[in-house]
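The structure under discussion is supplied below as structure tokens; questions concerning it will follow.
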Amino acid sequence: MSEAEIELTGHIIDSMILPKVFGAVYDLSGEFEVLEFRIGKTKNDYSYTRMRIIGKNRQHLDTILAELQKLGAVVTEKAVDAELILAPADGVLPDDFYSTTNHPTFIMINGKWVKAENQEMDKAIVVRDGQPYSIPMRKVKKGELVVVGNKGIKVTLPERSRKKEIFSFMSSTTSSEKPTLSLTRMIAMEMFELRKNGGKIVVVPGPAVIHAGAAPALSELIRMGYVHVILSGNAVAVHDVENSVYGTSLGMDLKTLENYEGGHRHHLMAINLIRKAGSLKEAVEKGVIKSGIMYECIRNNVDLVLAGSIRDDGPVPDVITDVMEAQDAMRNALKNADLVLMLATTLHSIAVGNMLPSTVRTVCVDINPAVVTKLTDRGTYAIGIISDIGAFLPRLVQELWQIEGTF
Amino acid sequence: MSEAEIELTGHIIDSMILPKVFGAVYDLSGEFEVLEFRIGKTKNDYSYTRMRIIGKNRQHLDTILAELQKLGAVVTEKAVDAELILAPADGVLPDDFYSTTNHPTFIMINGKWVKAENQEMDKAIVVRDGQPYSIPMRKVKKGELVVVGNKGIKVTLPERSRKKEIFSFMSSTTSSEKPTLSLTRMIAMEMFELRKNGGKIVVVPGPAVIHAGAAPALSELIRMGYVHVILSGNAVAVHDVENSVYGTSLGMDLKTLENYEGGHRHHLMAINLIRKAGSLKEAVEKGVIKSGIMYECIRNNVDLVLAGSIRDDGPVPDVITDVMEAQDAMRNALKNADLVLMLATTLHSIAVGNMLPSTVRTVCVDINPAVVTKLTDRGTYAIGIISDIGAFLPRLVQELWQIEGTF
Amino acid sequence: MSEAEIELTGHIIDSMILPKVFGAVYDLSGEFEVLEFRIGKTKNDYSYTRMRIIGKNRQHLDTILAELQKLGAVVTEKAVDAELILAPADGVLPDDFYSTTNHPTFIMINGKWVKAENQEMDKAIVVRDGQPYSIPMRKVKKGELVVVGNKGIKVTLPERSRKKEIFSFMSSTTSSEKPTLSLTRMIAMEMFELRKNGGKIVVVPGPAVIHAGAAPALSELIRMGYVHVILSGNAVAVHDVENSVYGTSLGMDLKTLENYEGGHRHHLMAINLIRKAGSLKEAVEKGVIKSGIMYECIRNNVDLVLAGSIRDDGPVPDVITDVMEAQDAMRNALKNADLVLMLATTLHSIAVGNMLPSTVRTVCVDINPAVVTKLTDRGTYAIGIISDIGAFLPRLVQELWQIEGTF
Amino acid sequence: MSEAEIELTGHIIDSMILPKVFGAVYDLSGEFEVLEFRIGKTKNDYSYTRMRIIGKNRQHLDTILAELQKLGAVVTEKAVDAELILAPADGVLPDDFYSTTNHPTFIMINGKWVKAENQEMDKAIVVRDGQPYSIPMRKVKKGELVVVGNKGIKVTLPERSRKKEIFSFMSSTTSSEKPTLSLTRMIAMEMFELRKNGGKIVVVPGPAVIHAGAAPALSELIRMGYVHVILSGNAVAVHDVENSVYGTSLGMDLKTLENYEGGHRHHLMAINLIRKAGSLKEAVEKGVIKSGIMYECIRNNVDLVLAGSIRDDGPVPDVITDVMEAQDAMRNALKNADLVLMLATTLHSIAVGNMLPSTVRTVCVDINPAVVTKLTDRGTYAIGIISDIGAFLPRLVQELWQIEGTF
């Protein structure tokens, strides 16, 4: 038998934290005893609890404590300096490495809680010059100090929103039985406010945006100033250029729905065009492409990252074909993002979701509810909108026009 | 060995009829020999073929011929009067009864091809006073003349559309990778033309129309004169009334997305309200409901059929709880329909699909591609639009406004 | 300002009840004050709280209290006799009627808590000879005593399972990323235990069971004694008979996957066969059908309810075509059910879900995750298994064979 | 007005080629005239046609001819040597480059039809030493001879299978309403025959194979000798190792369904383990992993290609992080494949589909019908099985055991 004390403070009941703590102890076959409990008397007051956690042995207790820590519990006895061990080789962690959540995390160093930079899920924490950083395993250098065990680590979970707004619906089940127009209006309002206040909006579009005929809508969003970063791939770039130059997407005329001869040919011709010009930027400068998402990104200085995939034809020269390099570029572009819109793409949505701290507001629009389920199963906090991107994006633009006209 | 001759005339190559005939003989392990073949020289000319079909024995041959007949083949030796046998009991057919397709069908009676009335899939053909009718099995009376075997029966398949329009895309795979706005515009144009020419439009909405916030759009379509019949069920009526009276759908405010106390209570209160008023019509007249789909149907004399299901709460008094009576009412309302819009409902879409001749233009909008697949697997010719009804319907209204403004 | 006191007892933290109470007050813009709080010291102890709830006015307060009541709160001042009002007309409730949850509910009558019979969601409670019954609105007779308001009503929510077993996973997100074989084994174990202890198992199959080739597996389950009730519809009966008599399903040979001539013809012939025999029972007795699900039901005295729908061809004479009569028959057959298996059917799953008290264990197997989402959104507590019924059912049988062999 | 003659030979009617030719001319607003037509008299005879195709001008005619060529038409006047133009720069094609289909293609060089090597969709054809090769655009070197225009090119389409077997069902609509066990048996039979005859089987598994608990089944398939190549990614390798070492998948115990503390931690620990060992191969040799898919691949000399993606954690050292290098490795491993099984993965299925000639038999198993639709929309000929991989794979193994036991 081995035991330890933990403390929890905050809206721990209505944010479901306390029930989760009870559940975790239960699931892991531990025992608990509530030593002290002060409930927030009104809905603005914090609650506080001090509990004893009991495990079968030290290892079992540590397993439970690690889990509770992820829920925001501070292990009282462990509010000591975090334990640091040297990485045994480049890209290899010490066995007992601490793996991160996507919540803001503090490490105790020399008796002080220091917030880790670049918070991201499933990373290691390395301490450089007294500052903890959340970094991917492969970037750890031999001999760097890596946080191990579970002492001196504090995680702060997002609490239930006190403001009545769309992001308080996050936790509810995603369902296609939601009123699309109202959801769209709320997201438009959020974007309007963010732009006004200098916020940063990242858009992650999939090729369905173009097939579904929504490229003009996304182009308009860029021109209106609602897009600061686009994270996407070769297919989006190519289909967008095909659409701009030939008016088709995989050979289908997006206006008349007629199939042109050589659908795939247009697609390859678009790639060849860009390769010939040298890059998307040069293609814009040389007047080869005169409209579309890529054009607007380049004209409006939107930060554009195109990551490679094994499905790529071509690819266009702007694509980063090494996926680890691509991840780094995406991470960089995501810094300080306030809102991320994921539009009809599974691969990029999950990749981006993995890189986001839980504090970033995320919206995932997809016609397939399984995409949203996958995303949230992996720990990304996202509002799921089960809709057709070809209908959703034009409506979002209309809502923004209306809001701008009103204010 | 047993053999027979068949003839085929029409655009039998580009309408895929000849390949299907070859395929059917092949699938059923028969043999064929082409005796005569005249190909249409240009795309407007008919082709003609005369073939010998060979089966292992008379029964095998009949099996093959029955299949070819469904594809439009006329069995030459069988261009004699159809064989008629008396029904052995009420609602029971003779063993060898002919079962119908949903294509226009002609029966030879006294040496003349007479077109069957009320063409519908999976029915029997009964001859009354020399006129063939396609009717459900359960409506056959003992002693009525039922068409049996495969003599004297001619089916005419729809041919590939010569006009370049949306309904020529019917055959293509349903995919969510289609440009929604263009599809919507084409359907709007079709509706505009139909209304102008006195066509009849039937709408088959599911409850998701209301949950998704599209009730105002459907109400507007009714007011604009684009809806002549609504075929639906209790849930649509109840959610629509709930939405009109309380502004909620299953208790969620469709504007603010907040959940009211007692979602289900609003829902039941809506039912109780209508039951108290006596019927939807009386509720409108007494001023109990003042807006919404049901209200507009009643105010605009739209033919409304509400069919019962085992999921129904209540139900409201207007619901026909006997499903066979409900089928009859639906059949009646569907007569002479030109266009059917199926909106986010599996049960009603398939039920209505079963009742439609193949000559009626059908559009099925659903977020789940499996619904469209199910529908077309069962032989209904429908354009599938994989979209979110909450975004689709408002856009359809916008397109119609624009078309009306333009013309 | 208007206020009231409520009490909550039980595992109110780990069963998420207290957080939900806080959330509900918050959502409805009320205020609360915790007057007393005793937390269960260990995981087996109950917690208790007494709270003051504050609304803007009496009506607002009542709205909040009604919601809290559904979560199991007992309104202290309201632990008085429930208020009863006479129904104004047959099938019409008093305006302020209490609408039920699917949780066990107690009504205070003459100072005593009496449990309502036939607990079901979205019903009214009528008191007959001092005994409360949960009944559908349409069954209330003029002048019967109906529970109104929110006094004297107590709801008991199911608590988090203390036993580590499959039904404790209920609350987790349904996802296709679950190990199918392990889930199947657990359900098999549950069925084995239930049968051993005289439990009652209800199966609700959809037509996909037959199309997917799982009719032999379901037949075997019946023979093995694991099925006490089957709730289904015309399509299942017809496809099953078609399969037994002709070896096809909608005309496709389920073994060779070849399409026979006249798929729909087999289907109609099967219906005609049963209509001619008089009923399924007579068809079995006369030797017309000699195997299959229907055959096994009749031979093994399984309680079979076939409910009508507007999609039905025929139907076979055993189908109850009036949906309200069908509901009553289903309700009757569901009494004292311990486990319900919903197999690949949306309509019947939701209909049955609406009739079940929350205490019945429910498993929903469907290839489409949206079916499970719909079911649980409507308040049914079900384990969702996203699988292909054609692979799932044969495996379930294998697992049961193995368990039986082992014990 | 401009015109040309084409010829078509083969089972052009029952393979739908002639109808497609008529349709293509029609879609592109051209005209045709049938000059000669000889129909195959019986089902084994070839048909032959010679047609005049008429376009508005030379360019329009060329557009039509290019399309007909893809359908197998030989442009009579163009049965001259193919036109070759020098590539203007590395990785850039001449403007009028010919883009390939996935069907066997012949190029006329010095008056002889020479078959292109490495046939793949959407590639260019380069002639090296008189031998045409289908290659990706980026691999063309400046100054290489690239086929342009549409002269001297002949495409041969796959014809309707004469043998009654599963791959003749290819063309039918994918639907979940298919009998899973029969489909599984047919595929098992196909695999058994292939193995016996020295055929090559490629498996393309997604991570759902492991989450769904099917890793033991795939491992068994490898041991039984039914897998010659595995094309996959980092996630499959990592989840498989996690499962082998810890018995969990993303932290969930696949047997008991319990969640362990730190699901993601196991996942990261598995990666760290492999990185520490140096590679998967070294991990097997050092005894770090002792079972699972990766283990069996290495022990049984299965050709394993792991391609990188931006979703990857880690990755393990065996992953090829440059997607273009990964494509090349996949292409290489796919050479001479006879059967490809795509198991619950969208990204890899489509990537592999793009690399396959149309002559390779392909099976795609996924719970989501949209994956199969996407695959076939892009031109891959695949049998779609809509099933749960966790139930499908174990059954496939059982069928193979049974077949092996029988023969």
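Miscellaneous remarks
Labels A, B, C and D are assigned to the chains in the order they are written; within every chain, residues are numbered from 1.
Here, a contact is a pair of C-beta atoms (placed from the backbone, for glycine too) under 8 Å apart; a residue touches a chain by one contact, two chains touch by 3 or more.
Keep in mind that what you see is a predicted model, and the values were worked out from it rather than measured.
Interface comparison, A-D versus A-C: the higher number of contacting C-beta pairs is recorded for A-D. In terms of the distance between Cα centroids, chain B is separated most widely from A.
Superposition angle, chain C onto chain D, using Cα atoms only: 180 degrees, a multiple of 5 between 0 and 180. Averaged C-alpha coordinates give centres for chain C and chain D that are 44 Å from one another.
Distance between chain centres (mean CA atoms), chain A to chain D: 32 Å. Chain centres here are Cα averages; for chain A and chain C they lie 37 Å apart.
Each of residues 176-177, 258, 370 in chain A touches at least two other chains. Within the complex formed with chain D, the chain C residues making contact are 164, 166, 169, 176-184, 186, 208, 211-214, 249-250, 252, 254-258, 367, 386-388, 390-392, 394-395.
Of all residues in chain A, those touching chain C in their complex are 13-16, 18-19, 22-23, 25-26, 31-34, 37, 39-43, 49, 160, 173-177, 369-370, 373-374, 376-377. Those residues of chain D lying in contact with chain A across their complex are 24, 27-28, 63-64, 66-67, 88-89, 91-93, 95, 97, 99, 121-122, 136-138, 258-259, 261-262, 264-265, 267-269, 271-272, 275-276, 307-315, 321-324, 326-327, 330, 346-348, 350-351, 354, 368, 370, 379.
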